[in-house]
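Labels for the chains are A, B, C and D, by order of writing; each one numbers its residues from 1.
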Amino acid sequence: MSAEPSPATPSSRHGVWFVGARGSVATTAVAGCAAVAAGLHPPTGMVTETPDFAPCGLPSLSSLVFGGHDTVDCPLPKRAEHLAAGGVLPHGLPSAVHAELVAADREIRPGGPLPGDTGRTQDQWIDVFAADIRDFVRRQDLAGAVVVNVASTEPAPTDGSLPPSSLYAAAALRAGCPYVNFTPSTGLHHPALAPLAESSGLPHAGRDGKTGQTLLRSVLGPMFRQRALAVRAWSGTNLLGGGDGAALADPAAAAAKNAGKERVLADTLGAAPEGEVHIDDVPALGDWKTAWDHIAFDGFLGSRMVLQTIWQGCDSALAAPLVLDLARLAARARQRGLSGPLGELGFYFKDPVGDGPSSLAEQYAELRGFAERLRDTDGRGAGR
Amino acid sequence: MSAEPSPATPSSRHGVWFVGARGSVATTAVAGCAAVAAGLHPPTGMVTETPDFAPCGLPSLSSLVFGGHDTVDCPLPKRAEHLAAGGVLPHGLPSAVHAELVAADREIRPGGPLPGDTGRTQDQWIDVFAADIRDFVRRQDLAGAVVVNVASTEPAPTDGSLPPSSLYAAAALRAGCPYVNFTPSTGLHHPALAPLAESSGLPHAGRDGKTGQTLLRSVLGPMFRQRALAVRAWSGTNLLGGGDGAALADPAAAAAKNAGKERVLADTLGAAPEGEVHIDDVPALGDWKTAWDHIAFDGFLGSRMVLQTIWQGCDSALAAPLVLDLARLAARARQRGLSGPLGELGFYFKDPVGDGPSSLAEQYAELRGFAERLRDTDGRGAGR
Amino acid sequence: MSAEPSPATPSSRHGVWFVGARGSVATTAVAGCAAVAAGLHPPTGMVTETPDFAPCGLPSLSSLVFGGHDTVDCPLPKRAEHLAAGGVLPHGLPSAVHAELVAADREIRPGGPLPGDTGRTQDQWIDVFAADIRDFVRRQDLAGAVVVNVASTEPAPTDGSLPPSSLYAAAALRAGCPYVNFTPSTGLHHPALAPLAESSGLPHAGRDGKTGQTLLRSVLGPMFRQRALAVRAWSGTNLLGGGDGAALADPAAAAAKNAGKERVLADTLGAAPEGEVHIDDVPALGDWKTAWDHIAFDGFLGSRMVLQTIWQGCDSALAAPLVLDLARLAARARQRGLSGPLGELGFYFKDPVGDGPSSLAEQYAELRGFAERLRDTDGRGAGR
Amino acid sequence: MSAEPSPATPSSRHGVWFVGARGSVATTAVAGCAAVAAGLHPPTGMVTETPDFAPCGLPSLSSLVFGGHDTVDCPLPKRAEHLAAGGVLPHGLPSAVHAELVAADREIRPGGPLPGDTGRTQDQWIDVFAADIRDFVRRQDLAGAVVVNVASTEPAPTDGSLPPSSLYAAAALRAGCPYVNFTPSTGLHHPALAPLAESSGLPHAGRDGKTGQTLLRSVLGPMFRQRALAVRAWSGTNLLGGGDGAALADPAAAAAKNAGKERVLADTLGAAPEGEVHIDDVPALGDWKTAWDHIAFDGFLGSRMVLQTIWQGCDSALAAPLVLDLARLAARARQRGLSGPLGELGFYFKDPVGDGPSSLAEQYAELRGFAERLRDTDGRGAGR
C-alpha cells in the first residue's frame, strides 16, 4: 500500500466523518476501504459495488478520505492490530494499510461531552464539532463530507436535553454535511432538531444498521405472511461481546435497539407476536455475535411448528461495508440535490426514517430505484 | 358438520382428483377443506384465502368435491384417525368431518400399475384412469376437475417408458383436466408427453411443492445476494418419517428432489455453492420433519460467518393448504381459458415450470399478478 | 380402568400428598401412575422402575393413593382433558383413568394463604394443613404419606415471614410426613424451620427438579472439565408457557431458579463462567418448553469453539415420573428409618440439599448406593 | 523460544513418532507442545496436565522429541503457517516455535506405500519403517518412542493384505515401540497382526480419537439411559473440510468411523436407535468442523421430545492435546512394564480396545485408575 497522494483531483475527493472514529466499525471501514481499493480483497458485503450501482456516479472507494470524533485515544493502527488479533481483520491487513490508518488517525478530533462534563453549553459543543468537520473538509480540499454515527449506543435520553449523538447530528447539519445514523441512538430523531433538519436542505438517513437478527427477520417475516402462516411467538437472544455488548446490556440502551427489531416483525407479520428479545454482554465472544431466534407458528388446522435460526457473525465486518455504502450513497444524494429523510435506504436500517416497507425484498427494490435517481440524467455521470 | 347436499348449484361444483388419494396430504386436504369451509378452523396456510385473492373468482372451498386414485385400500376416515393419533390432524376433526371423508372415499378408484404389473399396456392404463376421472365429473355433475399428484415420490425413471406419475398426467389431459404435480416425480415432464401437453390446451403446474427447507432457501438465498455476501457452502439434512421419508431415502428418488433444492440456490445466489443435501428416513418422526441447514458465508474482508436454520414442521399440514390453493387456481385458470405451463405459480414449487424467478418475494409478486389475470374483466366475477 | 378397591391390604397403601394438586405436574403424575400401573404405558422416565431398583422394597405404583392442597378449583378430570388437548397427556388417557382422577380429586383440600389473606396466623395455617394430611392418612388407612411440593414457583421471600411453601413444609413435618420440594420455592429451606426439620426425625429432599437445561448442564459441565477444556461463557434462554412460564417471568421467582442452574456450572466446571440465563413466558408454547444453551469454550492454544444445545420437551411429562420416583423413595426411606436431608437424591435436583456431587454420573452412582441402603438387610424385603 | 539442547539428560527424553507427521494434527501437536512447554499457552485440553496426573511420572512436555513418517513434502514450519492462516494455530506461534518445528521436520522420513506402489513387499515396508524409528531413537538418544497414527483415514481394506496403517503398526512393534491409533484406520486391528501384538509385550491403544460428536454422545447417551428416557432416533451430520473431510467423504472410510460412533450409542443406550450419520466434505470450512445431532426421544406416557446439539470446533486443536496425552501415557505404560491393549484409555477413543465402558464418566474413572497404576510404587517417581 502506498501513502502517496491519491491521483484523484482534489474536488473529486469525498470526506467520511465518523462519530466513534476509533471504534471497531470505523476502524474496519477505514482499513477495509483501503484494502478493497487496493485490490487486496473483493468488496464482499458492499452493495454499492454490485453492477446495479455502477452507473450511479458514486464516489469511488479510493476517493474517500476519513476522519472523525472520538472520546478515546487509542491510535487507529493499534486498534486495527487489536481487531486482527481478535480475528476481525485479516492478519497482515493492519500493516498493509498502515499509511491509510495513520492518515485517518491524524484527522480524528476529541469528542464529547462525557458524563458530568459541564465546560461547554450544548450549542458550544455543536459549534466545536461543526468547526472540526469544516476544517477537515477545507484542509483536505474535499468536495464535501458525510457524517456517520458509528459510536456505541447511548442510553435513551431521559430529559429534554440533547444527548451527545444529537449534538453531533446538529453539528453535521451546521457544517453542511449529510448525516447517517448507523446506531439506535437518538441523533437527528430529537424533536428539538426537527426544524434544523428541515431547513438545512441536507439529506439524512438512519437509524440502526440492520446487520444480523433483524436482517433475517426482514426476510422471514414476509415469508410467513406470504404463506399465510400464523406466527404465534418470536423470541430472540443476542450474545455479543465488544463495546456494543456492554452498551446494550444496559436496559435503557437495549430498549432503543429492541424497538427497531420489534417494528420489523409487527410490520412484516401484520401484528406483533408474543416473545421477547434479550441482548447479553458476553465479553468472551469479543467482536463476534450470536443471535438465536425461535419462531413458533401455526400451520394448517392449528398444527404447531417451529423455525429456529442461529446467526454467528462478526459485527464490525457486517457493519463496515454497509457504512461505506451509506457514506457513498449519501454523498451522491447531496451532490444530486436530494434533501430530507432518505426513506429509500430502509434496506440498511432496523428502524428506517419514513414510511417505507419493512420487507427486505421491497426495500431492495426501493434501493435500486434510489440508485436510478442518483444517475446523472444529463448522461455525464460522476467518474469513478 | 352436515352431510347435506351443498347449496351450490351443480354447475358451480369443482372436482379435485388426487393421485395418491389415500395419502397423508390428500387426507389432510379433504379433512381440512371441510373443516375450514365449516368454520371449524381458520384458513391458516391457504394463500388463496388472503384478501388479495378474494376478487379472483376462485371456486369456494365448499364447492370442492374430492376423489382420486390410489393403490392402497385404507378407508379415508380410518386414515384420518391415524393422522389424528399422530398429531397431524386435531383430535375430534375426523369425526367432525366424517361425512366428507366418506364421500371422498367413495370416489377413490384403484391406481396402478404396481411393479411387475403387466396386465395392461401404458395406453390402456391411461384410458382407464381418464375414464375414472370423466366418470367422476359426470356422476358428480361437476363444472370440471383438476388432477393433483400428491403420491409418494417415485424413483427417477431409468428407461424410456412412462412411469406411473406420467400415466396419470396423461390421463388428466385425456380427460380434459388441468394437471398439477406437487411431487418431484416425472408427471408431465416426460418428453413423450410434450406434444400432448401442448395440444391439449389445458393449463398445468409443477413441480415439487415447496414446503420447508426450500421455502426458506428461497428467501435466504436472495438475502445473501442482495447484501453481496459470499455464500461458500450450503449444507442440509432432512429427517422425515412417514411414507415420504421411506420413499426419499431411496437415492434415486432423492436425486429428483435434491435437483429442485439445488436449483433454488444456484438461481438465487448466482452460482451453486459447495454442500450436500441429505434426506433420511426416520420412522420415529412420523409425519413430522426436521430440516437443518448450515450456511457458511464470507463477509467483508473474508470474515467467516455462519447461519444455521432448523425447521420443524408437519409435512402434510404444510402441503395440504398449498394443494388446495393450487387446485383452486388451476380450476379458475382453466375457466379463464389459460393453457400451458403456469409459470406464475413458481411460488408453490421447488422446481417450477418456465423461467420464472427463484426468489420467493418475486414469485409472490408473480402470483399476485396471476391473481389479477384470473379476475373477470367484465366485472361479474365468480361468486363465492 | 377399574375404580374398585385395590387388592393391596390397607397397611401397604402409601399416600402422596401434592402441594399444587391441581397443577399440570400433579395431574400428569396421578394420571400417569394409574396408566403405568394398569399396563397402558411403559414406565418411561421413571428411574425407580429400572432393574436396579427392583430389590429396594419401594411401594408399588398401584399402592399409591393421591391427595393434596390447591388454591384453585378445576376438577382433576377436567384438568386432565385440558392437558390431553395440549398434547401433554395422550388422547384417551383421561377417560381411561377417570376413576383414579376422580378419587384423587376427592382428596384435594383448599390451599392458602392467598396474598392479602389475613384470616389465620401462620401457625393456624400449618395446623389446618397438617390436619388435612392426617385426615387423609387416617381416612384412607395409609401406611403413611409423603408431601411433595409441585406448586408454581413463588417469589423469593423478602421479609422474615414464612412463605406459603414453608407453611406446607412445616405442616408435612407436623403431620409426620417426609417432605420433597420439587420447586425452587423456599419450603424447608427457611431458617425458622431448621429446628423443626432436625427434631422431626423425618427425611426430606429437594429442591427444584432437574428436568431439562440443568439436566444437560450436569452432564456437559463434567465433560468439559474432564477434557480440560476451558469454558469461557455459558448462556441460556428458556421459553416456556403454562403456569410456570408466567411464574418464572417474574424476576424474583426466576432468581431462585437460576441460582440452582448456576450452581451446577460453578460446581462442575470448577468456576462460574460468564453468561446469563433468561426465562421467558411464551404462552403460545403451552406446557412445552424450549431451552437453548450456548457454550463458548477454548480448546488447545486458545482456539475458540462453541457447543449449542436445544432441548424441546414437555415440562409436566419430564417432571411427573421424577415426582413419582421421589415419592416412592421418600416413603421407603421413612420406612427404613432414614431422617434428615437425603443428599443422595441430588440426581433429581438443581440445587440439592447437602454437599453431594453436581455431576449427573456421580449423582447416579449415589442414587444407586441409596437404593442399596433401602434394601431390607434381614432379607425379607418389602413385597411389590 | 530457544533451539538449544534441552537440559534433560538424554535418557529422560522420549520420542513421539507420528504416522502422518506433516498433517494438521501432528503439526499442531508439535507446535503446541513447544508452546505449552515454554509457557506461551496454558495446557487447555491436555488431561495429563490436570492435578490428578501430576504424580504419575509421565514424561514432561519438554522431554518429548518428535519425528515421523509422511508421504508429502511440505515442511512443518510452512505447514504451521498454513494452519495459522486458517485460524488453527495462533498467529505468531509458528515463528515462536520455529526451532522446534525445524527440529521435528528433520526427523520426518518418507512414508508409503502409495497406491500402485509395488517396489517393496509388505515385509520390506515394515522393515524400512522400523529401521527409521530405531534410527530416530538411537540418533536422539531417547529412552524410547511411542508411535502414534494421526494420518488421514484410509478406506476399510477389502482384501487380506495389510493396509498402510497396519504396516506402520507392525513397524512400531518391530521397533519395540508402543503403538497408538488415533484414527479409524485398521492399524493393529488386522487379524494378521494379532500374534505379533501379543508376543511383542508392548502396550497399544486405539482407536479413533473421540473429539466431538462422539464425545458428546458418550455423555448424552448415559444421561438418557440413567433417566430411563427412551431414545427413538439419533441422527447426525458432520461437516468438515481439511484432509479429513475429503478422506471421510469416501463412503468406505466413513464406514469405519461411523461404526465407532454407533457403538457408543448402542452401548450407552442399551440398544441402537434409528438414525444415520453423515460425513460431508465441505472444503470451505477448512480445518473447522460442525456436527449437528438430532435426538428424538420419548418421555413419560410417550410424549415426544427432541434434543439437538451443534458442535463447532477445530479438529486439530481438539485432537492434538489428546494425542500428546496418549503419547505420554503410552510411554509411561511401557516404562511401567504394561503390555497389550490399554483398555483403560477408552476415554480417548470412539472404538476402544477391550470391553470397557462407553460412558465418558466411567471412562474417566478408569483413566484415573490407570493414572494410579502408573505411579511408582517404590516412591521414586519419574522426574518431570
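One rule holds in what follows: a residue touches a chain if its C-beta (ideal position, glycine included) is under 8 Å from a C-beta of that chain, and two chains touch if they have at least 3 such contacts.
Predicted model only: the values in this text are computed from it and were never measured.
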Can you give me the shortest step count from subunit B to subunit D, moving only between touching chains? 1
Regarding the subunit A and subunit C pair, does the interface count as same (over half of residue numbers shared) or different (under half shared)? same
Just curious, how far off is subunit D from subunit A if you go by their C-alpha centres, in Å? 47
Counting in whole Å, what is the centre-to-centre distance of subunit A and subunit C, each centre being its mean C-alpha position? 50
Can you compute the centre-to-centre distance for subunit C and subunit D, using the mean CA position of each chain? Integer Å is fine. 43
Counting only residues that touch at least two other chains, what does the list for subunit C look like? 87, 306, 308, 310, 312
Note which residues of subunit A are touching subunit B in the complex, please. 28, 31-32, 35, 41-47, 49-50, 87-90, 93, 215-216, 219-220, 222-223, 226-230, 298-303, 305-314, 317-318, 320-321, 347, 359-362, 364
Contact set on subunit D toward subunit A in their complex: 84-85, 87, 91, 310
Quick one: in the complex, what on subunit C touches subunit A? 232-233, 235, 237, 239, 273-276, 278, 280, 282-285, 290, 292, 294, 296, 306, 308, 310, 312
